[in-house]
Amino acid sequence: MSAAEVWTLSAAEVWALAPYLALAGGIALLLLAVAALRSHRLAFWGAIATLAIPLAFVPTALGGGTQIVDDVLEIDGYALFFFVLFSLAAIATAVLSARYLGSRATHRQEFYLLLTTATLGAAVTAGASHFATFLMGLEVLSISLYAMIAYPEEGHPPLEAAAKYLILSGAASSTMLFGMALIYATSGSLNFEAAGDIAAGERNVLVLGQAMLLVGVFFKLSLVPFHMWTPDVYQGAPAPVTGFVATVSKGAVFAVLLRYAIDADLLSSPAVGIVIAVIAVLSMVVGNILALLQTNLKRLLAYSSIAHLGYLMIALVVAGTAAGRALGVESGLFYVAGYFLMTLAAFGVVTVLSNETDDADQISGYDGLLWRRPAIAAVLAAAALALAGIPLTVGFFAKFYLVAAGVGNAAWGLVWALIVGSAIGIYYYLRIVFAMTKRPEDDRPLEARRAPWEGLATVVLLGVLIVLLGIYPSPVIELIRELGGP
Amino acid sequence: MLEYLWLVPALPLAGFFALFVTEGRLPDKIVAVIGAGSVGLAALVALGAGMEFVESGEASYAQVLWTWMAVGTFTPSITLYLDPLSLVMTGVITGVGFLIHLYATGYMWKDHEEPEGLSRFFAYMNLFVFAMLMLVLGDNLLVLFLGWEGVGLCSYLLIGFYHRDPENGYAARKAFVVTRVGDTLMAIGLFLLFRELGSLDIQTALGDAGGLDAGMATAIGLLLLGGAVGKSAQVPLQTWLPDAMAGPTPVSALIHAATMVTAGVYLIARMKGIYDLAPIAQLAVAIVGLVTLFISSFTALTQTDIKRILAYSTMSQIGYMFMALGVGAWSAGIFHLMTHAFFKALLFLASGSVILALHHEQDITKMGGLWRKLPVPFASMLIGSIALVAVPLTSGFYSKDAILLTAWEHDTGPWFWAGGVLAALMTALYTTRMMVVAFLGETKTESHDASRINMWGPLVVLAMLSIGGGWLTFSVLDDLLGAIDHIPHTHPAALVTVVLPLLGILLGYFVFSGRMNVNSLVESSLGGALRRFWQSGWAFDWVYDRAFVKPFLWVARVNKGDVVDLLFRITAAVTRGLHHIGALTQTGRLRWYAANMAIGLIVVVLIVASV
Amino acid sequence: MAIEVPVEQVLMVAAGLFLLGLLGVLVRRNIIFLLMSLEVMMNSAGLAFIAAGAKWGAPDGQIMFMLILALAAAEVAVALGLVLQISRRFDTLDVDAASELNG
Amino acid sequence: MILFVVILALLAAGVVAWASERLSKDAPRLVSIVAFGAGLIWSAALWLDGADAGGLYAAMDWPWIARFGIHLALEMDGLSLLMVALTMFLGIVAVVSSWDEIESGHGFFQFNILWVMAGVVGVFTAMDLLLFFFFWEVMLIPMYLLIAIWGHEEKAYASMKFFLFTQISGLLMLFAILALVYVHHGATGEITFSYKALLGTEIDPRIATWLMLGFFVAFATKLPSVPVHTWLPDAHTQAPTAGSVILAGILLKTGAYGIIRFAVPLFPEASADFALWAMLLGTVSILYGGAMAFSQSDFKRLVAYSSIAHMGFILLGVYAFNELGMQGAIVTMVAHGFSTAALFMMAGAIQQRLHTREMSEMGGLWTHAPRMGTMTLFFVIASVGMPGLGNFVGEFLALLGAFQENWLMAVVATAGIVVAAVYGLYLMQRSFQGTPNPDIASMRDFGLREMSVMAAMMAGLVWVGIYPQHVLELSNATIQTLGVLP
Amino acid sequence: MDLALFWIPAAVALVSTFLVITRRNAAHALIYLVVSLLSVAVIFFVLGAPFAAALEVVIYAGAIVVLFLFVVMMLNLGNTSVMRESRWLRPGMWVGPAILVSILLVTMVFLLSGLPDPGNTKGDMVGPKAVGNELFRPYLLAVELAGFLLLAALIGAYHLGRRYLEQRREP
């Protein structure tokens, strides 16, 4: 192996890697810039540029078809879909955070660096086809998140949330690593696909490894019974970061799980199928029930995210079968995209309405919002209804897609659980809407805090997208179909 | 004139419409003119049409107005059908109806609670006449049912005319609901009829009725009887009629004596073709009539309210009509219907004059010696009474006589005759009691007769009809309804029917004027119990109250919150409980969270280890 | 120097270490000890990778171990930063005492 | 095309109405009235113009979501036209009935009314199952808001209950729709939601029963039928008058329409097997609804329960599987729309004047307001089933039809007309008749505005009552094409 | 006999790890942690991974534990904290977790013993060169990512630690 070979990457691989390289390079530049000039404005716009510029390389990367770089990173339409999704979510988070963090931290520059590294980690995770990249991507994301969650310089909740997340996530990561090691011990390769080719006799250890791997993944996806950190972390974390955790972190883990499930033929083991089904059903039911009477909006959304990830498992189960692969992946991607919009919108509203010290996380604080701030209230209503799966919002088609996938592949139990879960879910989503429609009890002048225009613009844009895709989802559906599966 | 037949129902309807739309803003005089005039005009048109019809010699005349609805083969049309039966009914309705309307213009002049009351009264009355005319003229059972329900509605509205008194409202609702029970049976009868014969056109259906098997015919006959029983206040649905006397007296005269309550008789007569095929049903008609006749005449004997006496009397007289139809005296039944309309309307109107003169005193025991002060009402009452008792040569005599003589010859033997005769005796007794107690004896109250021509005029006309109606119309009816089998009056049975009422009058006079002491009999424990039993109308109300009303009210009270909702409330409560339990698990304790992850790990590993 | 060892024995030892670490996480309240337990767990995963790598005679296991090493270092760095903040803001290292979010 | 334009026009009118709030508080309702008036004129014009050879008055078919073969297919045949015209008419009634009631948020109020109606028009014309479901749900949210914002004391509970019931049952329908589509897919290899394509699908009888039940439950809940009726009394009682009018007049009819258009024709055999049970439910509804109505002391609640009883006739008629029953059901839909809307309007008017719905606090109102008394009397009589008025025609035909099919059920159901008399007259007695309540000094009677609407509804009832042929002819065309009658 | 070479350090590792999680004094626990890590390093060596063994000693036992030690000293976790630990660490608290962990142990051992032949490690040394070759070719991206991992940790620790130091100065 000569030194020349080490750096041989074909042009196609380079073009495929270009978005990632651009992002990584951007981070490096941003680090230098921030180190040299401690300016918030520079950091902010630098971060926006770092996140936006790589998007310009995506079309070319797509044009090159699927490229497996170094056997560790599979850059295909699927990975790039998530790349774009994560970048956009990160941009939204950056915009929302700018003013939010202003009153909570004297130095905001590092936050943008962490945001970009987290995005890089997530993007890599979504493209991982190998345990090394899986691990590294996920941990780059996680390590960044710990710091982002604990970012505010005062107050207990962010610290507590970060500590809980770090310790439990560390334990989960260890479990996952142990699982990977066991899989490697049976398969002899760290590549995802290798695990699929194991002889039947070796399944015992493999299955144990997969179980431990799944436990780690379930934790990151906050599925029952590995969900308990979720509400505490969501509540304690700064609102925009919560939005980021709820979307990008979950999305990345789901992306890699789906790819792993397909590459390693995970569902061929009936035991794994049962585990996923049980966990999914539990998540749908428990998540929704826990959210039922919750009075804290961030916690409520946390519980709701537990349920939503449970729903998403339907896509996984369907995609795991040969017959349902295409539909399952499509439904999963569409759901994730929709879920990103709704969740970001919801947490965006929380962010926009938060004041200098406290997050707007009490539902009672939303009383009469419709009459004070119709636009913001409309966005939150759209988000809540989308989460509930009501038509005219993207949430409906997302859920429709899942049910269609489930019904199409006779996953009756899961579909029923989804119906039951949604039924319970309607109650608490509507509670949010109802609170906003309340008439002010007395005639006190309605307080109208000034909302930051950039935050407002962001949430309104998200709200408009929720509704637009709720009316005409075809473009996104067609896009996803063209991208193809992992 | 026959082509203007549609005007007969249309005129009262127009009257109703005019009064309804103007919302009582018309002066009372114009209201009275519209109210009574529309019926009067209808009567004139009916007279003209009737005369033309009789002259034409046709068996029937049908005027098709429009097809009500057309659904598949179900195409009931709104058609007016004139034949002798409906002609007689139309005559009674418009004729007697007009007289009563006229009387009411006086009776109701100041006797209403609201300024627009008079207008409302005549609107209802006109609507009633319209509905009643549709009932008798409709050529389709559905149209008949329209009239049938319409008269029920107007009856409800008019009984509750004085709506501020909740008692009246109760009486009105009772009347409507009880008759609706009958209506329901009748509706079911219509369903069955349509299913079996494929049409609700009366003539078509009767024409095809030959194809019915006897059981079906009996079922239809009994169901229609159910409807008739309700509307005509026969046992067992008779309880509403005495309470219905809460309405203004002209209402009692028109609706609850002359016309509406006889609708059942009309229905059965109209559906003769069915009953011909169903002897059992026809026998049931006779039995219902006899039982009602019996029960109500005993009850009448113990009442003290003059209008309630007349109400029970009405029931018993309709019982005669039912019995007539049941024993096959079709013409005689209708004949009695007509004569009864005359004399009972007269009795009611006259009693109305008395009541008005006594400022709404209706208790006969508080009257007395009125004959001197109220001569015209007294004379009218007297004439009405003798017709009611069927003193020979009055109209009531001819009709009742015809019924009893047919009953004598009934296949089952003279049982119906015997019952009828006994009831005739009772009729004489209670009528005499009423007259004696109210009009003879000492004067007990102040009174002044304020009636004017529009009130006593109708009394006079009706009195003449009550006397002469019998032989005046006898031959006409014969032509129209087919000859009544006359049994010579020398027959022993006929003799009894002639003599018995007279005996009754004598007995009654002696007993109730105090010349014959029956106190010991009345005050014995058995006598007292019997009297109370009769007075309560044979305890029907008591039984119904406990059997139907109380349980229904109990259910309504207990289940106000809707027991079905419990199902959902419990579901919601369980879900909420689960939430609270679940929320307890979110302790915030890191080690507890980790422990749950460990448990989860164990479960997952155990699942994969065991599968 | 290297010897042949049944892989499952090594894996069992690794599992033992892993579970001891887990036990520590489950029992200890002091956040410092929790972090030490986490280190133990990660180290056990590293051991498992080394064992698996040794089974196949490939360097991949060692490479994964090195990545884990980096991860452990990174995590400890951030975690200890957090510990400093916690001890200042909560005035305790007891994770139960520093627990205000629940429900 | 025109149908879509009409729906869009209603939606746009909603936005205009909301925006016009700034001009004056009358502007929004004028916008509504103009919109509904134009809609009514348009329906009348279509009617006068007559149907084309296929029995259609208007039709369109655009692709919407190609992935699932979902089309924006709208068609208007006789039944649709009838229901749309009723919708437009009751729209006007609703606006007038809440003229004085709404104190704030005029624009948003009218917005919601117009959007409900837009959804309803969509429901009545959709020819694609998913589109139908879409509209089915679209009409929910504005209705929910109408109750939740402008409702009375228990609005939170009532609006939530309304939403949960309809939404949960709707989920079952969605499930059934998807399952049906996949059964069709299995048979033909084509994924389509087109109503006409799915009509003749061959389904395993056992599955067909379950799918039919999915539809039936959704429609029976909306109808509503015992035992899923309990949302209705609460929703009606708490809704603002316009809400009650729309709910009773139109929304309940969508359930009946759904049964006639979808549940029965899509699953003719399963429905025929189920007919006995459906008729039983109808009968129980008639009797139980009537008994419950009598139990109530709240004016609106009583009327609400009476609606349940009336809707029982629809079940009875439709499942009689003959022309008489079907026509009876349809006429009942129209007539009940008028009579109950009027009674709710009356309830609203009384509540607005006396600030109570408790009949124990009324009594003798006739003295103060003879016009209101007369109107109440008229519509009570209509709903009691007086011949000559529309309700009678419907109920008689339904019973007559049912009797052909199952005489026992029809006989028991006929007893319902006695119960109707009991509660109807009791309502009249306790509110308008009886001793005048001394606490009520005076009560404003109806004015020209209310009377003109009332007169229109009276005319409608009489029209349907004495010459229902217009209605029957319109619906007959549809009934014949449904292909479910022998 | 060869297996003793494996099992002796393994036993030391297990015992010392047990002592780590049961100590009350953080400094003592850290010493045992070092012992545990060193034993694992020996196992690495035995298994033919000398480079990993070296890294284990240098980075784990060296750098990371030292980092811990710094913090323990900075926070001055002396005798009071030992007493506090005794209070927090009641014997009863061990029962539940111990049961859970035992169940896991039994299941994992059961599953692991199912590893089929050939179940032995190769017994070959995989030296630094082999590792390096792999590391900088197929795993280059992973290495780059490790860099970003450490970068993120650096930024995070810097942010958190700076605040600690700044805020300490304030009062």
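First chain written, first letter: the chains are A, B, C, D and E, and each begins at residue 1.
As a convention for this text, a residue touches a chain if its C-beta (ideal position, glycine included) is under 8 Å from a C-beta of that chain, and two chains touch if they have at least 3 such contacts.
Worth saying up front: this structure is predicted, and the values here are computed from it rather than measured.
Novice: Please identify each chain that touches subunit C as well as subunit D.
Specialist: A, B
Novice: Starting at subunit C, find the fewest moves between touching chains needed to arrive at subunit E.
Specialist: Step count on the best path from subunit C to subunit E: 1.
Novice: Farthest from subunit B in C-alpha centre terms, which chain would that be?
Specialist: Looking at centroid distances, E is the chain farthest away.
Novice: Find me the chain with the mean Cα position closest to the mean of all the protein Cα atoms on display.
Specialist: When every chain is reduced to its C-alpha mean, the one closest to the whole-protein mean is D.
Novice: Contact counts by the stated rule: is the higher one at A-C or B-C?
Specialist: A-C
Novice: Just how far, in Å, is the C-alpha centre of subunit D from the one of subunit B?
Specialist: Computed value for the inter-centroid distance: 37 Å.
Novice: Using CA atom averages as chain centres, what separation in Å is found between subunit A and subunit D?
Specialist: Between these chains, centre-to-centre, one finds 43 Å.
Novice: If you average the Cα atoms of subunit B and of subunit E to get two centres, how far apart are those centres in Å?
Specialist: 101
Novice: Report, in whole Å, the distance between the mean C-alpha point of subunit A and the mean C-alpha point of subunit B.
Specialist: Here subunit A and subunit B have centroids separated by 78 Å.
Novice: Listing for subunit C: what residues touch at least two other chains?
Specialist: 7, 11, 15, 21-22, 25-29, 34-35, 46, 51, 53, 55-56, 58, 60-61, 63, 67, 71, 74-75, 78, 81-82, 85, 95, 99-103 - these are the residues of subunit C that touch more than one other chain.
Novice: Give the residues of subunit A touching no fewer than two other chains, as numbers and ranges.
Specialist: 132, 136, 139, 143, 146-147, 150, 163-164, 167, 171, 175, 182, 185, 205, 207-208, 231-232, 294
Novice: Quick check on subunit B: which residues sit in contact with 2+ other chains?
Specialist: 583, 586, 588, 590, 594-595, 598-599, 601, 605, 608-609
Novice: If each chain is a dot and touching chains are joined, what shape do you get: line, ring, star, complete or other?
Specialist: Graph shape, chains as nodes and touching pairs as edges: none of the named types, so other.
Novice: I'd like to see which chains touch which, written out pair by pair.
Specialist: Chain-chain contacts present: A-B, A-C, A-D, A-E, B-C, B-D, B-E, C-E.
Novice: Hey, which residues of subunit A end up touching subunit B in the complex?
Specialist: My answer: residues 163-164, 167-168, 171-172, 175, 207-208, 210-212, 214-215, 218-219, 224-226, 228-229, 231-232, 269-272, 274-275, 278-279, 286, 289-290, 292-294, 424.
Novice: Which of the residues in subunit C end up touching subunit A in this complex?
Specialist: Where subunit C meets subunit A, its residues are 7, 11, 14-15, 18, 21-22, 25, 31, 34-35, 38, 41-42, 44-46, 48-49, 51-53, 55-56, 58, 60-61, 63-64, 67-68, 71, 74-75, 78-79, 81-82, 85-86, 89-90, 95, 98-103.
Novice: Write out the stretch or stretches of subunit D touching subunit A in their complex.
Specialist: By the definition above, subunit D touches subunit A via 64-68, 104-105, 108, 130, 133-134, 137-138, 140-141, 144-145, 148-149, 156, 159-160, 163-164, 167-168, 171-172, 174-175, 178-179, 181-182, 185.
Novice: Along subunit A, where are the residues that touch subunit E in the complex?
Specialist: Those residues of subunit A that touch subunit E are 1, 5-6, 24, 27, 31, 69-73, 107, 110-111, 113-114, 117-118, 120-121, 124, 132-133, 136-137, 139-140, 143-144, 146-147, 150-151, 153, 182, 185-186, 201-202, 204-205, 207-208.
Novice: Name, in rising order, each residue of subunit A that touches subunit D in their complex.
Specialist: The contact residues of subunit A facing subunit D are 330, 370-371, 385, 390-392, 396-397, 400, 403-404, 407-408, 415, 419, 422-423, 426-427, 430-431, 433-434, 437, 439, 472-474, 477-478, 481.
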